[in-house]
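Both complexes shown next keep chain A, but they swap its partner, so chain B is in the first and chain C is in the second.
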Partner chain A sequence: MAMDKPADNAVDVVLGGEATDTVPLRQKRSIYRDAVRRFARNRLAVVGLILVLILTTLALFADDGIFAFFLGREPQPLLAHTPYDKIFYGPAGAFPSLDYWMGTDLNGRDLFSRIIFGARISLSIGFLAQLIALGIGLPLGGIAGWKGGKIDFFVMRLVDVMSAMPTLLLAFLIMARLGAGYWNVMLAIAITSWLEICRLTRAQFLMLREKEFIEASRSIGVGTLRIFRLHLLPNALAPIIVSVTLGIPKAIFTEASLSFLGVGINPPMPSWGQMLGRDGIANMTFYWHLALFPALMIAFTMLGFTLMGDGLRDALDPRMLKDK
Partner chain B sequence: MGRFILMRLVGLVFVLLVLSMMTFGLMHGVPGGPWHYGQRPFSEDQIAALKTRYGLDRPLWEQYVTWLSGVVRFDFGKSFDHPDETVMGLVGRTWPVTLHLGLMALAVAFGIGIPLGIIAALKQNTWVDYLATLLSVLGFVTPHFVWGIVFILVFALALNWLPTGGWEGPRYWILPVTAYALAPIATIARYTRASVVDAIRADYVRTARAKGLGERSVIFRHVMRNAMIPMLTVFGPIIPDMITGSIFIEAIFRIPGLGKFWVTSTFERDYPMIIGLTMLWAVLIAVTYLITDIFYVMVDPRVHYN
Partner chain C sequence: MKRKIVGLCILAVVLMLGLAACAPQAAAPAAEAPAAQNAPAAAAAPAQRVVNRAGVELPPDAAPLDQQVLRMATNEATWLTWDASVYDENVGDVFAWSDSCVRPDKQYEPQPNLCTSWEVSDDGLQWTFHLDKNRKWSDGVAITADDFVFTLQRFARPDYDFEWFYSMAGIVNWDGVVKGEVAPEELGVHKVDDYTFTITTVRPTPFLIKIMADVWIVAKHVVKDRLDDGSWAFNKDNWVFAGPYKLDSYDKGKQMVFVANEMYTGPFPPMFDKIIYSFIDPEVRFSAYKNGELDSIGGGYTADLPPSTMAEVMANPDLKSQLISWPNFITYYLFFDTWNPPFDNLKVRQAFSHAVDRDKLIEGPLQNQAVPAYSMNPPGFPGENVEELKSVQNYDPKLAAQLLADAGYPGGEGFPKLTMYTREAQPALVNAAELIAAMIKDNLGIEVEVQNLDYSIYMEKLYAEKRNQGGDFIFALVPYEFDFVDGSNLLGVWGGCEPDGADMPDMPGRHTWYNKEYNDLLCKAGSIFGDEAKRNELYRKAERILIGDVALVPIYHGIFVAMVRPDIAGPALEPNDKGVVTWNRFRFASREALIYRKIMP
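Coming up: the complex of A and B.
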């Protein structure tokens, strides 16, 4: 309610006929609507968003699994040409052609279909792992930075202990304990990647809590939760969003590394990293398509999320309101 | 401040203790053992004999105490995978190479990444910014093992300018250092840009300009100093990450470094090596964060630790 008062006053002034053209009636807009406008004006960000949307479409509609689930039948390939594990006896290692758009792999499976299903695996792992990481890192880092003292000490010691563990080695140990597989990879990545979000949130809150506007809010009796929602989160959000958005390709990269080294996604389930690591790099000089297409897909995915993250960062920054 | 540093060092001892217990439990909880995955598998009796010899048949807490009493004397035991070498000896032999590679890559990464990020931020949303962003994105989006392979194909095999691998002199350094530095260049440039863009819109920057400070002074004394807080958080961990090596770079360029052991020690269930490396990493990362936190106070007088 308090927020509405200036606008009400402005209307009164206008209706009263005084200084009609000196008191602008500013349309009420949320920072998010402004953010959307700024995002749309940023060409690179839009390119990133389009890439992400294309990849998400590939991931969602590789087969009609979503509909098939409700219709209660086996999923049929939709954007992909064949199921990812269908073997064509004969054209193993075939180069790209009209029949096989990206050629076939050394087991005679259609590479195009495997690439598309790979999008589903890579994107879902990247996204969900970061979501779990955010769910752990943001609350912990926020509380630590805001409260300080003992809570900060204990949270940061937990972060210390966890981050004192070498990432790849920890992921390896977890994978060796749990066994290779889709959900285990996701879990291993989430466990190893919430620390940066936590540390970043804490650093932001630590800096923000010293700011005058926070002190002012507290002095007029604004509740902690409201300060969190209205002041701390919007001000701390930009670097966290950059971190999460960049964390998705990082998670995809970790998944690729694990699969590359044979403890990630189990074949025949496809993942770009695994395709690159198993057949791609070893045969790069001759079967170039086996390395090129997975590498390109990893690159496009990272490009998309990176550009989008940068655009989001610029668009979401409430301080840009001043520039209008 | 002195008390803060002391507290953190006490904290480090605690972290190392907790971490070593965690790692000890985790690595012994992983199925299989050091003698299960050889070329010629041992018989059950032989494995039992080996376990007795290396003390693996004792209760876990007893093994831990034995290990800990060694560590106090800087004795981390012998590597199971390289039985003629101690963990300390193995790390001492291979780390200098990795350290050399990592430090060179770091110098390149910071030397290019920070100016790139600052320029991009100052020329925000112009073609300069887009070009810098695209350049840094290119480094970021392609895994360094792909860069490594591409570099070998182009500069070593096709053009024959540089050797394909090995570690014998400056000519051998160029390709791996470049391949290794591309990702951190991108990360550094990106966060530098983000932080500088943040700082550049602040009121004190407008004030600094309004009171007639030169552009150089505004950027370095006001913008950069304030941009450094979020930058430090991200840049600190890059350093231990880079100086401990990468299995991909070292395998592709045949560099006799430490990098591969982070992965092979787990494959081989080389327990002394796993926990030794974990301790090494833990000390490095703890020191990095301590220095980062000290930097916070130096850069920003508003930050205090009480």
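Coming up: the complex of A and C.
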């Protein structure tokens, strides 16, 4: 349904052609404001949000790269203690202590710093991969839903075929072909993640297409793109936002799995999955900290995003919007 | 009051029972036998000797027969026999399925085995081998010269991953047979009579006898097809064995069980009655060993004994006493594609050679596992020149930076980002590789990423780089372990006698590096009979070229470590004439046949 957009906070009541009174309207309401309020009331969702904010801060400010970029100098570690590849910063294999908060790995590199840089890698891959997936899935799903017919048929068959493959296996095969590396991982994850967004978008557009206000817009000659932008997208957005948000932890976990298996991020760039798979598992029986901390970080990240995503889904649930 | 006292007494009893039950586990496997504990019979009277199913009588201190089971762990591979593959085959290929012409003793000198004697013609080009007339396959068929001829013809096929090794022998028509241009019968290996055969070489090859230690024979009457890819062994009807053991069962994914071969009449009668090789992941082998489920782990470059395990072992005197470590003839080195930029520039390679601090590696991730290497031949190897070559590629970061600048990449500017490939690196090597990458970044300003590759993919890329004279495989880390103890072996990785009219891809050696003088020296040294001193002098000269031209940056020589339970004993565990106890694999020493389980005092 069209969004109510009261032009003013008050409206002139017109009776018989003459303004008789001014009646104040209720405060502006939109689904987003409602959603924010519902979200804030959901405690678990707020916990998730806090976790995500902490991780994002860690990722953004691991080093002062943002400032350094503008100031034109080398980035210095900020929240992290050292650059992630500083060997023999401490003794090899040191256990957690006040000097080395999470201990050191077998090359004497500070584990805490590597974990924080790992946050940057994981989160950036998670966000960007989903953005790319959005960039693929949204247009494809939108066109399929809007046009219908043959285009819809072919797009859906493509989605069906790709859905038949287990995502991790497909990502693994893509990485085996492309070779390990940061951008390849992102591409592999994006290629396996756009399916759900595509389906969702298509479903939404199919439903919205039939609405009277869309028909009305088309009949007065509004261009397709304008309809997409002003009417379809804003109404379809809610489930897509939820899907993208819930897709981020999936992307992070896929990256961790790929790196764990050795076809993800290459050292010395740290990724939690890679740290777990290379050093952690092999040396777990003695150097327990090498396995514990990357595993905990993966777990907390997944938890945070999943809680937040669930909270978003509950907050944006269209059934709740009926009572307006 | 009374109730309280009774209650306290019951509590005390329960607590004491609980403490007794949870007595701390012995950190090391106490001398528990794998099967039920059998108290040895009264030590005073000489007990009846234990005899296994092959009729071999064990020493007086042997444990009862049901305990003569050796339990080991291994990775599962695709093939079963040596003639199918040498890089992807299961254990048992050498101590069960097959046997060899000669066997190295503890001093690595070839001793008679299937071949009882041999002689060389005056011109050094023809070898005649005489076979033991009493040796039989496990189905009763005699082992004859036919098997040897067939085996070598079989090794000369293009899809065989160890063909390059046997080509070093320089047998007449070898390359032609491999390429399919010459009929296999024309190969320079001929039967004289049932127990005599000859090998004719293109040039005199003094170390041929050492290569014969790795000619693991194939039963002609079973395999029949020279070009079979190795699948013949998956058919149980073809299970015929020449070694001290027989494969009894192969449970895919679980284990292989071998039993003593009663038809074996060779010099290494099997002592253990049964050998069980379980397919257990390397990460959990140490736990299994501590639990008493395995009799030995380690002994190769597997991931059995990662740094964490070594730390635990060194800190525990009981476990430490079960550790065997010995210097192995193996060199880990960095190599380059010297036929294409940027590594075609000698100064660049020299810069790299001075940028690696080997001592730091040995102190850090390679603790207990390595000695620094500055040359291809390790100390004690024939033709080695360790002392003189030590200073050629010494650690000198300033010089390294200077050389890189001279080459046109000051501070690493303009140098492409590198990927260092490793071949299924075990945990210690994983850390070492990252440390080397970090040193290169610190000292030269070049970004290096480390990528670990599967064994077969790595080797495929390596061979492709040479075949195509280029590619993306331009910088990597790899070990090479000796195959036989001779000056030609390790240096042979880099060159040898040049075939007539050969293009670069056909040149000897497996790397993309070429030097004519080096090849001439190696070829000459490889053909001198009866003057080992002269040969070694030539090998030293060749190695000077190799190291000076920075074909490689040697990093370390490995020290192999293994853990062996204290109740395993036998001739295999006696020290060699250098006083070193080794736990070499069967290919180098008849290990599995020369051990048994003894009763612990």
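The rule is short, and it goes like this: the second predicted complex is superposed on the first by the 237 of 324 C-alpha atoms of A that agree within 3 Å, B and C clash if a C-alpha of one lies under 4 Å from a C-alpha of the other, contacts with A are read in each partner's own complex, and residues count from 1 in each chain.
The rule is short, and it goes like this: a residue touches a chain if its C-beta (ideal position, glycine included) is under 8 Å from a C-beta of that chain, and two chains touch if they have at least 3 such contacts.
This one's a predicted model, so the numbers in the text were calculated from it and none came from an experiment.
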Chain B versus chain C as contact partner of A:L237, first or second or both or neither: neither
Greater residue coverage of chain A in the superposed arrangement, chain B or chain C: B
Which superposed partner A:N266 touches (first chain B, second chain C, both, neither): second
Touched partner set for A:I189, first chain B, second chain C, both or neither: neither
Chain B versus chain C as contact partner of A:I116, first or second or both or neither: neither
Which superposed partner A:I281 touches (first chain B, second chain C, both, neither): both
Overlap of chain C and chain B interfaces on chain A (superposed complexes): 281, 284-285
Complex contact set, residues of chain C against chain A: 283, 286-287, 303, 306-309, 311-312, 360, 364-365, 419, 427, 430-431, 434-435, 437-439, 441-442, 449-452
Touch list for chain B against partner chain A, complex: 11-12, 14-16, 18-19, 22-23, 26-27, 29-32, 124-125, 130, 133, 137, 140-143, 145-146, 149, 153, 190-191, 194, 197-198, 201-202, 229-230, 233-234, 237, 244, 247-248, 262-263, 265-267, 274, 277-278, 281-282, 285-286, 289, 296, 300, 302-303, 306
In the complex with chain B, residue positions of chain A that touch it: 42, 44, 148, 157, 160-161, 163-166, 168-169, 172-174, 176-177, 196, 199-200, 203-204, 206-207, 210, 238-239, 242, 246, 249, 253, 256-257, 260-261, 276, 281, 284-285, 291, 295, 298-303, 306-307, 310, 313-314, 317, 319-320, 322-323
Residues of chain A that touch chain C when the two form their complex: 85-88, 92-93, 105-108, 179-181, 262, 266-269, 278-279, 281-287
